[in-house]
């Protein structure tokens, strides 16, 4: 097997292409990764920070949303680095800050009061136990093309047209 | 040739096209749909389906008939999407991510399909069709049993309740319309997904450019006469496999474009109809097993889908049940494929007989005049 | 040793793998708590259900028309026959044989037209047959909604018009053949003698036909059309006859299936019946232009055996219902294996 | 390259296929700029010699050849046609190898298109480069100019008249830069008179530019007109290798067919022949490659009527046309009753039987047993060997009767086989031929057409087949019409021999006629009326 010298243009170009392929894959993953941020406006358990009684919160360039004590809402964002702008109605103070989300963490809890009070870390991971999916779906429905003699569906069901995607 | 003969030839060449136009126009009024609604629907469907139908062109050039095996590409695309949703990569980046994951899979499946078709020369279409079901079995094994158990799936929301296997319908919310919405242009009352059409235009440019390359020329030569191409030293088997690989890869990308427009993925059924729709569209557009052009693709998509929009409602109005309209459009879809295949096979047999009779005319130059044989 | 090699050679590796797989299923069945006698009784039952549908493929293979992907036409003729028989409320053997008699004109007419069409398009027969079959199934879907049937058990409850997707044959001719002289051993094992006798009778008729003058001519057209033509046999006529017989048997096949299965399935039900039949005859050892009675019987038994055993045994072994996936891979794998053999396609 | 050594020389080439010698110690030289006319009957070894020169795989598959081929003095070994092409040998076959949907230019430069690399070359390989159509057009037009003919370089081959297709193919061969030897196999067979002239002119022009040409044709006057040197092949031997000056067509014809008259002496026993049994008027048959244009002949009862002639002249078309296997027209009367053409069943019913030349393709059911093969036609036509059941409503193959029939013929024709149940494909060529004969004899025909009965079987079996035919004729009085390209066999067994040329009968000769007369009729030099017909017949085909 003659040694594949890197000078041979074909090999050179093909290996560069492979690198580009992997690079783009990674970039897409990073920039496209979707995270859900739960924006929270509650009092701390130990009273170290209190809910803000009226503010508007804006993440990146999404339109701002109003929060009152006890509210919790979520914002969907792509990618890791984001900015947050909080404007408190009562005294009009504006807090701005940027943060980075860990790649692997799908959902995080951002407590605005903590942010305002300057307590770090105001973001902590949040994992939710998925409640069991509603009806346990069995295997694939018998497509038009195969299956044959599976037990006939319920008596009264109208003739189901084959699942045709329009 | 006399005018009558050329008209006859035109009719027999575009029989399916004519029948379809007549039916669609006839069904528009009873369906009660407004023209602008129909036009808007056709625009979205053009964006959604044309890429898939264009994927059929190359195998036709290479003389392998209608590539029913493109379903393999659709499956690869769907696996790409499943991984995109699994790592919750959203927006248009999710689509690119899905394409990049699906690419190597579709190349591999395309290679298998090409190799199998080479072993069944003369019966490529039916072999492609059966191969699609065979690989569908393996796809189902992979997606329904391996995913979650052997292949780690981090996003539990897409798994079946039993812990492994992907659910029957997958919500593509994160990538929904992400390609179309990048630049949705409002032209009068209509919304036109410009970027999608740009990508489709790019594919058309690639196909036109590809026909001018040496590989494109070899494909056309192999498509016309495999024996002569082989005698001239063209690697016939390799060329046919490349044609199928490209077609499968395009089908993979096309299916991703299709599903991002639909917004949800019927994991185990979405690919069944891909082949049927694409083949029906290109045949309705006037293409045949041996000859097809880009124009056939677009005419076909417009006509087939226009008919598919109006017929259920027309059925409702005329026969009083939407089901009839629903079955009617299925019948028309399959009928279009059957009719154009029959016309093509009948015409090529007739052409062979004419060629021979031309020779005969020369032979019976004397004696009892031109042979008026049966 | 040598004839073992030739046996393996012409029996083909895939068939041997399937055979061993089936035997292993039977062996493991008791180990995983699957009642052996119930399974075997089920295999016989399903063998009887499918055998005639597989037998229907033989004439067209022998005459060189290839695998009959358009079997759906025969099945539709059978559906017409059985729905008419139910409409006329024929019961018992009258009902069953009435259905076959009523389906005969449809199957012969459809077979004749379909045969003429196939003669015109030598070459891509299989793809064309498939799509002609599908479009006809769709056309019939409209017909089922429109045709004036009135028997209450068949028609939609609220609309009073149009047929249901599945119609029970309970009370008409359910299991007429199965229970005829049925032998019951213990609670589970029922040997459907009537059904298997009927299947045997059809197979015998086919065997006799293939040895008749027309049958011999048809076989010759299949193996070498030029030879047949040089001996004064009209290839097109033989092919048309083979298509008519194939469609007629398809009609009988579906009626036999319905009486044993218990339901008449309409609308898009015929299409998924075609591939299993083709896979079965190929597993039995047939190729694209030669099929014998042994191929039919062995093939149906192997394929149906596989279909009955995999769900029960595999489920209890792996706790998942893999049978659908296995069926798809084995059935289509076999057809693929046959299509890629070096075969002289009748041009 | 002024050196005067031979451009190509063939040294003691011999080749044998399964035992029968096809080429025996053939040697000749070809110099630059020389046109060498290679003539010989079919089966004389011309095609095999060209296959060896062109390195066709079939030669290596059947045991290769001995002897050497020298180019410019060095030995050259070709394992496939592409080696031959690289060594500068171009070949134009009889049947066209052109892509119908491509233009003239695209065909001429097929797979040697000029192109400039595109950016994707390094990614997906060199075939991604863009075709340079203008350069391709120039190259094609220069090749056409070299030929000296007017060809529209952008016309599709499928719309081209037959003559232009031939020129396109030749232009393709000479457009290869390295072509120094051009082999043409029957190039004028499909051309009209005027086109042949143009072709010969351009061949001369090519020779002047230094290309060595091997011109294979059976039209002897063209060979004499254009060739510098003539090599005559007969039964695999290069019997003559002479410069063409002073050689007449008559000489070539007699060299071609002149065998030592060693054929076993015909016993001149009295032949009492009955009245006319078969008369054929203005028969034309559309059989690809064997077109019959206008044939008239009659055969008397009990006679063995021979039909000879070179391949492709239409002799095989006659029996296939009369038996209705290929579209045909004209008046055919058997026992003074009109026979309907294009209906094999009616021809068989009228009492005619046919042993086809295509033994494996038409003559046999290779996958079935011998009793099947023999009894099949008799069963279909006369309903024999069937036992009625249920009062004749159904019929069943009478296996026992078929078995006896088969055993009878196995003894009668001494067919070497294990049993009557053996599959036909397992028999040797000679025995397979006997099965075809048995199938025909089982019909008890009044008239038997036999086509190329001895083709491709060993010498011993040839004699047995001919003796069987003669025995059936003498003992049962079966009239036989035997079509064969083996002139010797026709002369040994037939009462009269008709020679077919260009789809019609050039003349009918008694077997004892001088061998040279046969040669002349075969070479189509006779000035019989049909000759002038040829000039315009293809013309009509052209503009139909």
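Labels A, B, C and D are assigned to the chains in the order they are written; within every chain, residues are numbered from 1.
By definition in this document, contacts are C-beta pairs under 8 Å (C-beta built on N, C-alpha and C of every residue); 3 or more make two chains touch, one makes a residue touch a chain.
Since we're looking at a predicted model, the values are computed, not measured.
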Chain pair showing more contacts of the two, A-D and C-D: C-D
Relative to subunit C, chain with the most remote C-alpha centre: A
Closest chain to the centre of mass proxy, which here is the mean CA position: B
Subunit A and subunit C, separation of their C-alpha mean positions in angstrom: 52
Length of the line joining the C-alpha centres of subunit A and subunit D, rounded to whole Å: 77
Distance from the mean Cα position of subunit D to that of subunit C, given in whole angstrom: 48
Centroid distance [mean C-alpha coordinates] between subunit C and subunit B, Å: 31
Multi-chain contact sites of subunit A, meaning residues that touch two or more partners: 139-140, 144-146, 159, 162
Subunit B, residues touching no fewer than two other chains: 133, 140, 144, 323, 327, 330
Complex interface listing, subunit C residues touching subunit D: 208, 211-213, 216-217, 219-220, 223-224, 226-227, 229-234, 290
In the complex with subunit D, residue positions of subunit A that touch it: 9-10, 12-14, 17
Subunit C-touching residues of subunit D, taken from the complex the two chains share: 323, 325, 344-345, 347-349, 354, 356, 358, 361-368, 372, 376-377, 379-381, 383, 386, 389, 394-397
For the subunit B and subunit C complex, residues of the former touching the latter: 65, 116, 119-120, 122-123, 125-127, 129-131, 133-134, 136-138, 140-141, 144-145, 289, 319, 321, 323-324, 327-328, 330-331, 333-335, 337-338, 341-342, 345-346, 348-349
Residue ranges of subunit D in contact with subunit B within the complex: 81-82, 97-102, 106, 110-111, 113, 115, 118, 124, 126-131, 282, 284-286, 288, 291-294, 327, 329-330, 342, 503, 533, 536-538, 540-542, 544
